[in-house]
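In what comes next, subunit A is part of two complexes: it sits with subunit B in the first one and with subunit C in the second one.
Presenting the complex of A and B:
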């Protein structure tokens, strides 16, 4: 076993282990923290594959953004110090089954899929290339989805401001 | 581009590498040994640095308030900080009974580890950095965003309402000020056209960005220093640990070495922030040159690049320490309105200005 394999298995076990802990922890704040470790593990796998940009974006978006948001909403809404009540057995069984089937389904497709090597020359995943691809208007460019996503984010932002705005008392 | 001939630590690193490669033939073992050596020397460097910064903070504070400062333990009080460390080591590492023990003990580690990880892409001297990653700036801003979770964890796990309040304040503060820090980092990325910290340093070989970039860069430098002072929770933005009202904020329940970890990470963050500012605005290890003054420039080249880097970094550290004794602490609403109503709009307009400047080629 080479060093690379060892590193991969450490990352994989860390990611899956903390994901399992995230759904089995009995305090909601702990679940959020385990989710954080799972997401960092995925970023680690990206680093392992030399996709530094995607790894850094994973950390910025998920760890710096989403997990912080989750923790804040837990603090503001939940009784975060108390143990969560145990879900009933039926619910546990059905969620376990659905998770199992989803896992098997994905595994089946990965096993069945024959991965064909692309004929195009490979592109280095540098920031410059990703940026060019993202904003190019030619074939295989991603300008349209990029703009659609930015419109969506803008709409979400305006919506938040409208909800949060204080209406002035009528004079 | 003429890169000046500078004395650098990279020669030393190469010598050690060649010497080790002669001793160890196994490639993997060699790599691991070098990593261990780098890790140990980095930690030793950081701990010594924190000793020095602790001493410097007291001396600067004393200087600003026209008093003497530490002067009893050791010559000029230099051993005071060693005495304090021994005291912290001997204290009991208390864990409160009703706290979440696992997270309570994990939080200081996360805070320290993230601040140490950010050191990796910083160039300490010419061609002397741990990891020349091609997304350096993005790496720095992404990894430093993990620290906030350590703080929230500490506040929640302590099971104490002052800690939780402090952690919430601190979280809100760090998340908001990250935006301004990011935008002022982006302004330099636009001009230099690269995210890698070593490329950014090399792009300044004909002049530091703060001189080349006219007024917009000076504005973004000021915004960077202000916003990162807030991001590392230092006065005047130390609402999170305001001793007088929150009895210490998120670290109220911590004692002994666990408390020392937070202190350590605070000083490492201070160093990191100043080092980043020195790297991207003040030319990193590049010596100070004046166009046309050949002999002057030549003399400047004789100063080793490590000293240039450290000198600039400590200049910014001094400024941030100066802030502490100059401005009164902000209220929480003032703190948020400073970011969202002033710094963020200014830095957005500034980014557009700098983009125009970069497209038109108005900078030197």
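Presenting the complex of A and C:
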């Protein structure tokens, strides 16, 4: 067992363990912090696979953006420190059973499947290659989805402002 | 089984996906449900990157799909939290059972 394998197993166990704690913790703030560790573990997996750009985006957007947003909304809507209401036992049992069996079913299919690798020469996922292909207007470029996503972000921003704005009673 | 291959990553992402499903089914609090959805989206991202790395190293399509999924997840989280805060103002609760009327 080489060092790199051990690193991968540590990352995988940390990610899955903190994800499990995030969905089962009693206090909502602890749940958010476990989610943070799980997302950092996923960024570590991307670093392990040599996708540095995706790992950086994961840390900036998820860890720096979404989790901070979630923690802010927890402070706006909860008395943190109070325990959350426990879900009823029957629901927990049936959800756990269905998730467990679906997981085993999928793992069985992954075991049975043989994956065939392409034989073409590989492209390094460097920032330069990613940027060139994303903004190219030729056949394999991704400029159109890029622009559509920028429109979507603008629409989401305006939508957030419209939804969350305090409406004053009419004078 | 000593070398880390595609199967290892697929096992990790499958476990994360169904942990997210379990959280989505058991939690009745909107913010924790949103956290479960984030876990599910992350497991999908791991799959895209793993297939890109191990099966199609000649293309970068998995990277682009991952970047777009992360962007849309950020937009979705922002809109969802705006809706949650607005609901909290109306009902003083963010439990899904209390939010029966989602209108102004």
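Here, the second predicted complex is superposed on the first by the 143 of 171 C-alpha atoms of A that agree within 3 Å, B and C clash if a C-alpha of one lies under 4 Å from a C-alpha of the other, contacts with A are read in each partner's own complex, and residues count from 1 in each chain.
Methods note: a residue touches a chain if its C-beta (ideal position, glycine included) is under 8 Å from a C-beta of that chain, and two chains touch if they have at least 3 such contacts.
These numbers were taken from a predicted model, which means no experiment stands behind them.
Model built by superposing both complexes on subunit A: subunit B and subunit C fit together without a clash. By the touch criterion defined above, A:127 lies against subunit B but remains apart from subunit C after alignment on the C-alpha atoms of chain A. In the superposition on chain A, contact of A:135 is made with neither subunit B nor subunit C. Once chain A of one complex is fitted onto chain A of the other, the partner contacts of A:66 are limited to subunit C, with no touch recorded for subunit B. In the superposition on chain A, A:85 contacts subunit C only, with no contact to subunit B. Put simply, more of the residues of subunit A are touched by C, taking subunit B and subunit C as the two choices. By the touch criterion stated above, A:75 is placed in contact with subunit B alone, subunit C being left untouched. With both structures placed on the common chain, the touch criterion links A:3 to subunit B but leaves subunit C unconnected. Shared-chain residue A:36: touches subunit B; no touch with subunit C. In the superposition on chain A, contact of A:27 is made with subunit B only, not with subunit C. Legend: residue contacts after superposition of the two complexes on their common chain; A:53 is shown touching both subunit B and subunit C. With the two structures overlaid on their shared chain A, subunit B and subunit C come no closer than 14 Å at the level of C-alpha atoms.
Applying the stated touch rule to the two superposed structures, the overlap between the subunit B and subunit C interfaces on subunit A comprises residues 2, 53, 57.
On the subunit A side of its complex with subunit B, the touching residues are 2-3, 27, 29-30, 33, 36, 40, 52-53, 56-57, 59-60, 63-64, 67-68, 71-72, 75, 80-81, 126-127.
Within the complex formed with subunit C, the subunit A residues making contact are 1-2, 4-5, 8, 12, 15-16, 19-20, 22-24, 28, 31-32, 35, 38-39, 42, 45-46, 49-51, 53-54, 57-58, 61-62, 65-66, 69-70, 73-74, 76-78, 84-85, 87, 91-92, 95-96, 98-100, 102-103, 106-107, 110-111, 115-118, 120-123, 125, 129-130, 133-134, 142, 145, 149, 152-153, 156-157, 159-160, 163-164, 166. Listed in rising order, the residues of subunit B touching subunit A in the complex are 28, 31, 100, 102-103, 133-135, 138-139, 141-143, 145-146, 148-149, 152-153, 156, 159, 164, 168, 171, 175, 178, 195. Contacts from subunit C toward subunit A in the complex involve residues 2-4, 6-12, 14-23, 25-29, 31-32, 34-36, 38-39, 42, 45-46, 49-50, 52-60, 63-64, 66-68, 70-79, 81-86, 88-89, 94-95.
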